[in-house]
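Multiple structures follow.
Heads up, the next two complexes both have chain A, just with different partners, chain B and then chain C.
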Partner chain A sequence: MTQPLKLRRVPAGNSFLRRLSADRPARAVYVALALLIVLGWLLFALDGGRFLSQENIVGIQQRSAALGIVAIGQTLVILAGSLDLSVAYLISLTSLVAAEIMAGADANVPAAVAAVLAVSALTGLVNGLIVTRLRVHAFIATLGVALIIRGALDERYDGPAGGVPESFQHLGYDRVGPFPVSALLWAAVGACAWLLLSRTRLGYRIYAVGGDAEVARLSGVRTERVVVAVHVLCSVCAGIAGLLLASRLGAGAPTVGTDGGYDLESIAAVVLGGTALAGGRGGVAGTVGGVLLLAVLDSIFNQLEVNSFAKDVVRGVVLVAALAIHARRRRTA
Partner chain B sequence: MRRALPIFVVLAGLLVAIAIANPYFLEPPAFLAFVKRAAPLVILAAGQYFVIVSGEFDLSVGSLVTAEVVIAARLIDGSAAATWPVLGLLIVVGALIGLVNGIVTTLLRVPSFITTLGTLLILSGAVFLWTGGAPRGALSPQFRELGRGSLGPVPWSVLILVAVAAAAIYAMRAGFGHTLVATGDNDRAAALSGVRVARVRTAAFMISGLSAAVAAILLGGFAGVSAQVGQGLEFQAITAVVLGGVALGGGRGSVVAAMAGAFTLEALFTLLNLYGISGALEPAVQGVIIIAAVALGAVNLPRSRAAAAP
Partner chain C sequence: MPGTAGRLDGWGHVLKMTGIGKSFLGVRVLTGVDLEASAGQVHAVVGENGAGKSTLMKILAGVHAPDEGKIEIDGRSVAFHHPVEAQRAGVAIIYQELTLLPERTVAENVFLGREPVRRGLVDRAAMESATGELLSSLGEESFGPRDLVRRLSVAQQQVVEIAKALSLNARIVVMDEPTAALADHEVELLYTLVRRLTGRGIAVLYISHRLREIFELADRITVLKDGARVTTAAASSLDTATLIRLMVGRELDSYYPPRATEPPGEVVLSVRGGGNARLHGIDLDLRAGEIVGVAGLQGSGRTELAKALFGAEPFTSGEMTPCRPRSARAGVAAGIGLVTEDRKAEGLLLNQRVRDNALLVARAVRRRQPGIERLLERVRLNPPRPAQEVRLLSGGNQQKVVLAKWMTVAPRVLLFDEPTRGVDVGAKAAIHELMRELAGDGVAILMISSELPELLGMSDRVVVLRDGRIAGELPAGATEEAVMHLAAGS
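Then we have the complex of A and B:
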């Protein structure tokens, strides 16, 4: 397993592109993405549509922004060897918190954003502390927190609630040229996470803890703090996604997170991007590729008007096949 | 066994609490009704235990249960004659899905979390694609007898549960069980000592698939046909297994404790209902209790790990 690491060609320069191409798992997903785009272009052409039309490209970005933001948070958690199954309910919760506090008034927007960030950071803190202090496996800990949030949502809400002022809806619908604001937000979150992982001490520690927590601890890393930090960051990402979805819906909805399947889908996107589920290997670039892959697949389905159940089947096959090919490459490399 | 003790204490406590709120609960009819209600989850938990103790996950059981019930309804369509062949088919389908999960996980080296997530998507999509969006057809009364009916005073599902439990305990005491635990604890060491790791793990996935088929047969009879019948069961089964003190990641825990975990979860639901905490707050209370139970169970962990170290 360690052999490929030694054999890896060390890039001579230090340029951004060289660094990106050194991230091999991410390269695989971009090759797959390129192939899928060619396939999509062909299928669109046969179907009488234009794949590279502005409408379609904007649509792909719109659809992938929320999942993309959640998946970036999920990447951090998975890299540190943990997991977060609570993001879907947290997204619903934060969308409601945002819409309820805004209550349709412009003046309340800053307060609502602050509240959402506080609620999500707190949830992440709770997740992280349960995992580290109480030593509950992240799978069970975050599942439990998800159930708690679900109970609170079921108790208080039957349907959409609150209201988002028009000024805040710009976040969900406006665009700068061919780039929707939501996609720019996604890019900003991604860039922050990339900087965090590649340039900061915390980033290196995340890889160290995910690679081997015991070795990291013996090398003087306070592993518990790192795990708590990634859980907080992941939940904050979910909170940002909640804000985005609230601005799109114009209200908060108790089912917006679970309907999107953001918990399992974000994990799927991370793993598609070549990040190891056990932690310690991978990165943000791969995750962005994984999310785009899912979104392009979706846009092809929409163009061909594929039945939504067939979509699930194809998605499942793609997920397993991609991972199988990836595992094969890693072994033969 | 020391590791499994807490779950039996918790289970006993919950049963006493239920009995205090409802004195009839401990009389045979009411208690058998409780066991009958718990049977599908207990069987699923037993199946999930085999996968978890071998170091893997099976997220596909919930949608497998839904798929099996929907397939049964569509194929039987109310006819008594079709009942037995379809029952046989369901068992075969369960084992087959388990075989696919196992082969993809072991031979293609896809993490089981992803393999079974893929199976989940494929199964739920394929079944509704086939039936056109909603379950169609109906189960025959003979089919439903297994989930609803009883032999004398004892429900069929309780008898099936006892048989499944006996088989599971026997399997874990036999050589298979030992190699399974060894695989989950350290698959490299197990492989070097001659365990065919891929084969053992695939067998574990097949057992989980089979248990999902049996649970589906009972649930179909008990609750009838719906598209939601298996929803969330995978998480409930995994939770039950972990409540029983079985370590995620494999190699530790007993199947009896895993089944006790499932009973505990069901007793918890019953208790919450009795005290009127039904519906909305139920998941929240469940979440708190699951975290608390696992946290309490984990307190002993460092000591036992230190003892295991050379």
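Then we have the complex of A and C:
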């Protein structure tokens, strides 16, 4: 699913192919992913299991889908030089909005989906306007919005609420061949983001604003609009993830976003994929690799029954090591 | 100039700026300046630092609005409120610091903000082929539209900027010190490029300190001094000596503290054959009690020299006694201090108090901290309030805080890089007095300044740099012309 994306990013049959691919930090994350898969395969074999079993592959895809969708939104924001810490609470909120409006009835599904998209787009608009108009740093702006959403959730909900009809649960559990529907949704979101970044004016401006906002401004780019747009898109991605999680749970839950740690994990996946935290460099392909890397790591931990503290330690080490390697590659490039 | 007589009469000027005046915070930087540019000609604008060249160009580019005067392009009166408006009117500026996105390709940079679209998607093929055509029309074959700008040299990046200007259908191209960051062989390529531009009927405004380039390229020359136009003349009617006299000819009107009467003391810092990427074969002795001035054009390696002596960007070859510092910290430990050119970025923590800034170096090297009041009094900070945030101080007071920072560790050598840039007259005199006082206490001082009167007024001798080498040394009584001749290599 990710291979076609990666191949299309490098213009085929181009004599610059080698030099360009050296400039694509996405490549490093796929090399790491391949190594990790070999390692996983060895460990599973020693343990008497099969790493590349269909069950395990499906499991990896399913676990990554929600994070993957959020991380794609996060990629857009980070590329433009901003950041979104409100995605985790927004996921919880949208899962509740979806489940409450559906209330177990098939007929309510379209309305619920529309409401989720509207709520998330509005949240993104607020984030974007706080960052551009009030000139609050994105870190604080989105943290503030996150706290506001948390307050509203804590006030109204103690636990899961609403109900998702069985028809909508297909999104979370069905498969087409070896591909879960959720993973296909992730692929679709990823493909749209890739198209946006590589083939539309907005995409070009996202890179320009993140690369150097002043240069972009002097070239006639309306930088504030770009920042608002990426925040809206990122929040819509979080909303889609909220829908997906609601369909898995069969209900909405006020802690589904924070339990998954979608805010910091999505940022981790983006930087693992080689996107610069300061913006202007990177892309969707790397993020997809970063998400898969985290998911494969998870599945190895599960098979080996590593305890959760050790898991976090290893993930922390992987993240720091990956960034140190990226920094080194850039210096020597 | 055959065939151009009509243009010189005043019709056919692509650009006509008349009576331009501009003040910043009550300080007059331009007064009644006239400037014209004709299609297919290179018009050089020359003058010392602070003569107003950059401000004039920024007014043309729509970065600043003029207080008075008017601008006409092709006979139509224009007023720009934003750089993009100037761009649309056909004015393109190639700044000293290039304004490109390093992580994007050449084509993406050329069409930034104006990407061609087909059926809703960016038409990459069209963008790249148009960029390719522009590049080949400029005779550029060493790189292509798909290369990342980060991988290009400065000279190649300039070509990208020029291609961008051409894609905007610029009629007037302003080049601000385009050769400052170029190697010798690249300068020749730039000449060719400029001639290609004029060949297309573009009016080029060329700003440079380097007189050789100006006589090589310019059809006409305008000399600015102290914010006013001295003259505009055909390049063929001027020679180097005349031009230098027009640029600097001024009375030495400022007061400088008297020089030391005693001969300088022992050598406290000595370099033999010092070199790194930007400097070559530097031989220099600094003696206790002496102020050595350093002159040179932009890009001649003045700042690099100070940073190498200090250790921030160390020499990689050569001998240095008592020791060759390899880091800023080593420089401080060796008793060397550097008052940097850009005090806001490199000299001060702007959001912190005077006290914390003044004690920064002492704390870094765990030296006993001196009484803050006496320190501030010594540097004549006015008013001496240690709890004030540094960003709220005037430029002059900020510079005094930088000085205080170094005085806490009693350095044996102090390097001053443009110590009075952006400082008012009163503070300037105070800083000059302080420098002389420090020298009197036995500190060896090196002073870089692009203001020649200051340099000649303060220094006991002047070392002139050119292209990273020492071009010569002049005694205290040297004239501005002598310095300029050495610096420009004429």
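Simple rule for what comes next: the second predicted complex is superposed on the first by the 310 of 333 C-alpha atoms of A that agree within 3 Å, B and C clash if a C-alpha of one lies under 4 Å from a C-alpha of the other, contacts with A are read in each partner's own complex, and residues count from 1 in each chain.
Throughout what follows, a contact is a pair of C-beta atoms (placed from the backbone, for glycine too) under 8 Å apart; a residue touches a chain by one contact, two chains touch by 3 or more.
As the structure is a prediction and not an experimental result, all values here were calculated from the model.
When the two structures are aligned on the shared chain, A:312 is found in touch with chain B, with no touch to chain C. Judged by the touch definition given at the top, the superposed model places A:199 against chain C, while chain B stays out of reach. Set side by side, chain B and chain C differ in how many residues of chain A they touch, and the one touching more is B.
If you check the complex, the residues on chain A that touch chain B are 130, 134-137, 139-141, 143-152, 154-155, 264, 267-268, 271, 277-278, 307, 309-317, 319-320, 323-324, 327-328, 331. Remark: chain C residues 83-84, 87, 99-104, 108, 112-115, 117, 120-122, 124, 144, 146-148, 151 touch chain A in the complex.
Across the complex, chain B meets chain A through its residues 59, 104, 108-111, 113-115, 117-122, 124-126, 128-129, 133, 235, 238-239, 242, 248-249, 279-288, 290-291, 294-295, 298-299, 301.
Taken together, the chain A residues at the contact with chain C in this complex read 11, 14, 16, 19-20, 23, 195, 199-201, 203-205, 207-208, 211-212, 214-216, 218-221, 280-281.
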